[in-house]
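By letter and in written order, the chains are A, B, C and D; residue numbering begins at 1 in each of them.
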Amino acid sequence: MSAREFVKGNEALAWGALKAGLNAYFAYPITPSSEVPETLAREFRNPQYPDFKVFLQSSSELEAINMVIGAAATGAKVMTATSGPGFSLKQEGLSYAAGMELPFLVADINRAGPGLGNLGPEQSDYFQATKGGGHGGYRNIVLAPNSVQEMASFPGLAFSLAFKYRNPAIILADAFLGQLKEDIVFPPIAQEKFVTPWATTGARGETRHVLASLHLDLDDQSRHVEHLLSKYEEMDRVEQRAEQYLTDDAEVVIVAFGVVSRLCKQAVNALRARGVRAGLMRPITLSPFPSRSLADLASRGVKRFLVVELNIGQMVYDVKLAVEKGAAVEQIHRLGGLLPTSSEIVAKVEMTQA
Amino acid sequence: MSAREFVKGNEALAWGALKAGLNAYFAYPITPSSEVPETLAREFRNPQYPDFKVFLQSSSELEAINMVIGAAATGAKVMTATSGPGFSLKQEGLSYAAGMELPFLVADINRAGPGLGNLGPEQSDYFQATKGGGHGGYRNIVLAPNSVQEMASFPGLAFSLAFKYRNPAIILADAFLGQLKEDIVFPPIAQEKFVTPWATTGARGETRHVLASLHLDLDDQSRHVEHLLSKYEEMDRVEQRAEQYLTDDAEVVIVAFGVVSRLCKQAVNALRARGVRAGLMRPITLSPFPSRSLADLASRGVKRFLVVELNIGQMVYDVKLAVEKGAAVEQIHRLGGLLPTSSEIVAKVEMTQA
Amino acid sequence: MSAREFVKGNEALAWGALKAGLNAYFAYPITPSSEVPETLAREFRNPQYPDFKVFLQSSSELEAINMVIGAAATGAKVMTATSGPGFSLKQEGLSYAAGMELPFLVADINRAGPGLGNLGPEQSDYFQATKGGGHGGYRNIVLAPNSVQEMASFPGLAFSLAFKYRNPAIILADAFLGQLKEDIVFPPIAQEKFVTPWATTGARGETRHVLASLHLDLDDQSRHVEHLLSKYEEMDRVEQRAEQYLTDDAEVVIVAFGVVSRLCKQAVNALRARGVRAGLMRPITLSPFPSRSLADLASRGVKRFLVVELNIGQMVYDVKLAVEKGAAVEQIHRLGGLLPTSSEIVAKVEMTQA
Amino acid sequence: MSAREFVKGNEALAWGALKAGLNAYFAYPITPSSEVPETLAREFRNPQYPDFKVFLQSSSELEAINMVIGAAATGAKVMTATSGPGFSLKQEGLSYAAGMELPFLVADINRAGPGLGNLGPEQSDYFQATKGGGHGGYRNIVLAPNSVQEMASFPGLAFSLAFKYRNPAIILADAFLGQLKEDIVFPPIAQEKFVTPWATTGARGETRHVLASLHLDLDDQSRHVEHLLSKYEEMDRVEQRAEQYLTDDAEVVIVAFGVVSRLCKQAVNALRARGVRAGLMRPITLSPFPSRSLADLASRGVKRFLVVELNIGQMVYDVKLAVEKGAAVEQIHRLGGLLPTSSEIVAKVEMTQA
């Protein structure tokens, strides 16, 4: 698995997690994420991954996230993957995990639409992953890959951030990216060992470690949530990540993440060919959202931002908040598992340009 | 149950739902919402409420919301109540219901904090109720009572809106409001019969009614989600509700919902007594959010908005988006089940005033 | 529903239970018993049966039997029906109920074979119903109808015995009898009200009633099980029931219960026509087993007993124990949902006769 | 773990299974059997037991037995342990397994009494293990150890018999034996590899193996159950096991299994000391029941059999059937977790002797 390999997005995610030192995977398969557990089941006991010690299929989505919580409490590198309906079912667990400050990785390979959802790509879990989801006002770390290469390399980044902040990390991808095959290079097997003095690995005469989401005393609970808040503010200060493409001299900047950002890059190229000074700003961390990059662009004179999303309009609010005063924010969306074409995006830019 | 009665918020919610013609309640009790099912269990078979035909305790939160979905599909007035952890567990069901366009009522009596949460009041489920929650980019109708009187009258309003738009409605309250006792007047028993031509009540030779969240054809699914979006835009246009208090000539406007808005009203009175032209804008519908009222205030010269929330800062984003360019938006939060005092709020206004 | 009616066995069972004053039915449907809950669901709220107050479909077999236990603890007339696999799943509950001395009715409409089982008739749950099943050495009351008429009248008998002894009662039938249609007369609606001073209906100032299967003190537990034993001995003394057909002068007696006893009666008639003094002894109560009738026959000179069963040989042991010393006990079985013909039975009698 | 060791019965059972080559254990702990999974959890990944590849705690008794079924279908040596209530919950699964002809081991460490049951020793699951339990008229192989040494050596015997007959095997012990500590010698680690041509290990181009309990065609199902029956008859012919103690010249024989047989041996010694020609016959296989040994004793002139059981009388029926004509069968029972004393047993023998 050295050199270039031609693999599916979901397989890249699985092998990427193994390269990052995955210790335990708790599976409850759901299309279009099922190649993740399928790949890991095949690699279980592959001597190349001696740290991969537990692969377990649970009997429900709720069991899977609660097994993740139990295993993560020991300081292990733990993961599960799911799609929208399963991600919803895991929200109670995610809220607990945020309150307990547990680091682990959940991949959500979006379906299209509320409810059952079809298997086309959408980005409609943006709010659920970045804002809402479970009860209690916590924050996830959310990474949005836009290529099979990033599907392979983001598990390592997700674990680093999760352990640095003791916080759940989400990789938010979609049905298209999960099924896409591309030629990639896997990262080397991680040597990084995270220091986890908080882990519940058996007191054996030392101080007991207690991981709890709840403090019955209101002042204690308040201090706990204030502590969480200051952690989120620190993440916001330090961890915003975005890709800039031809934004230096841009007058109009397209903002897009995930699979649709690739079409937007094509659109930027086409616009440049026609003399339009267009650029692309691609959020890599959706939470913390790269608002400073957008504010910078707005302050450097970008007059128009075009948000392209595969949902009814979610990230557009974060873009508006980021650029606040001083620029027009427009949007294109596409729903139901459909993708816009790059020429539609070009047309939208030129129409409003006129 | 005519004339004034001295009742708890949760009891008012239960009786209010009965007065509104409740047909079925599916219970999975969780503190601090448990007086809702307890009250309804006692009233079951009370001949005063002949339409109240089903009271059923399920064996899990997931069962409860799926029973709600099944009963709501017949066109009945259906309800359940829960608190944060249970609300999270119901998110998958809520996403299905939104996709199926089912009208019903869920009351979420917030706890404080993520995870288990203590029983103090918080408003940290704001995002979960108004933005995120389940997968798929749908919208709930969300009402925020701030008194026991409104706990009694909002079930009727919630059913009206839910049936008008064929959409789930949420009443978002908190542990404090659920336990508060006040002197109220119940609304009369509703005579309103909703027309539900879509209901699945048995085809018997007529056209079959099918309620589904999923369309396998991508174009059909796209049309379905576009239809949902246009419905949400219509709700946004028609149903924004807010209470204004002394905002006509205000220079500074406090924005707060639910229990904490009562402290803010006290603060406004105290500020007026000191000569500060303060006002209060209280969102009653959190979704659709009353952004036009805020925009109006901003355009009429309000220079400062102070958002007071019992969470790490959620509604503040909607306020910033609403007033966009032209006014300062500040915030106070309090966490862990604690409430700010009205003098803290006064001090915050005066401090920044200086 | 007066005069003669032409109904299925399972329907007769359902209406028979209604006529007997059924208060509550907890359903988890399973073929070939599903017409029982289907019929009762249709009759729910039929004003002819004002005492039929609860019809509830549970989400598993385990839930159904535990709901039965809860409702029976209030002194109500409660029932569920199932088939073999579901009956196995209910064994833990049945053991609790026997320990708590709860009266109720479970109908087990046998499938053929272990495991999934096909839908042909078998009598292979004989041991499970009469001897084993749950843990702890308790006894069920077990009735074995052999006609649609008895399917209609045995629910009343079962409730009478269950309440008399505070003990679960089983109606053991099979796929054939459940589906058979015959012309029957329903019993009149029962006026009998059972006295249930033990029922847990709310203490309200009086002595609390506690129903428990467990006594932590070994002497208390011993006394409790001795009490159960003496109750079973009393049932054995008083409640043995059997049908005798031409046994007065019989030299050979066929012993058979349920559907196959009808073929045996034909065989007896055929044997009599050929001059063989054959008779039929049909156990109606399988537990307590009518051993005294058999012992009487043995002591009155019957030299041969032929046990005909639709299983690998179960009742044959009870027959051997009953007649103990002094007569030959032979057997015919048929498996897999197949029935022997009456001429096979005749041949078996004549062959050994010779 | 060579030489003599001083261990608890439940620990001996666990290590005995490991020595016998256990591959997989599926746990759902229940007192008084919990030391079995606790011991195995500690030994998991002990390099001394390289074949012990899976230790998994399920989330219910039903899951545990169904995991056992799944693993056993691959030809692995699989085990679970439980107590009465859990054994009842596993009956549906056991019926399936018998129909599918799967070899594995279930240990049932009896509680006392029906329902919840206390933690004293009883033998009240005798019928459930040997006759009834699940639906469908199948037979388990049932072994009854009476010492910690046998707790250690019977897992190996159980696996041998289970694989020889492709049939579930039960070790039936009790709370006393599970907690008793004795000095024992463990058997050496088994080298035996069972041949399992029927196992479902992946067809890979060869004939597919299908393991099913059900045949929809009635003739096929009949043939299948006839095949099971002939297997049970073969087991009955070949595998009856019992311990005889001073029965050669006995006039009175005590019949007892498990923990209470030890008291009976003391009683035999006491009776011999008083000149009574008493003996002990201890069934080791409860199913197949050692009826031929009993019949032999009866035919060799034993006039009296005294059955001593910790239940309301279960094995006594098998003893009566075995000796059929020609001897008196008396019984002593003790309930609720209590044991008779050896002098009570002596007194009973002498009383009737007189």
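Please note the rule applied: a contact is a pair of C-beta atoms (placed from the backbone, for glycine too) under 8 Å apart; a residue touches a chain by one contact, two chains touch by 3 or more.
Because the structure is predicted, anything quoted here is derived from the model rather than measured.
Shared contact partners of chain C and chain D, listed by label: none present. Taking the mean of the C-alpha atoms as each chain's centre, chain B and chain D sit 60 Å apart. Chain A and chain D have centres, each the mean of its CA atoms, that are 54 Å apart. With centres defined as mean CA coordinates, chain B is found 29 Å away from chain A. For chain B, no residue reaches two or more other chains under the stated contact definition. Taken as a graph of touching chains, this assembly is arranged as a ring, one closed cycle with exactly two partners per chain. Against chain B, in their complex, chain A makes its touches with residues 62, 83-85, 87-89, 91-92, 95-100, 110-118, 120, 122, 124-138, 212-216, 218-226, 228-229, 232, 311-312, 314, 317, 320-321, 324-326, 334-338. Chain A contributes residues 56, 59, 63 to its touches with chain D in the complex.
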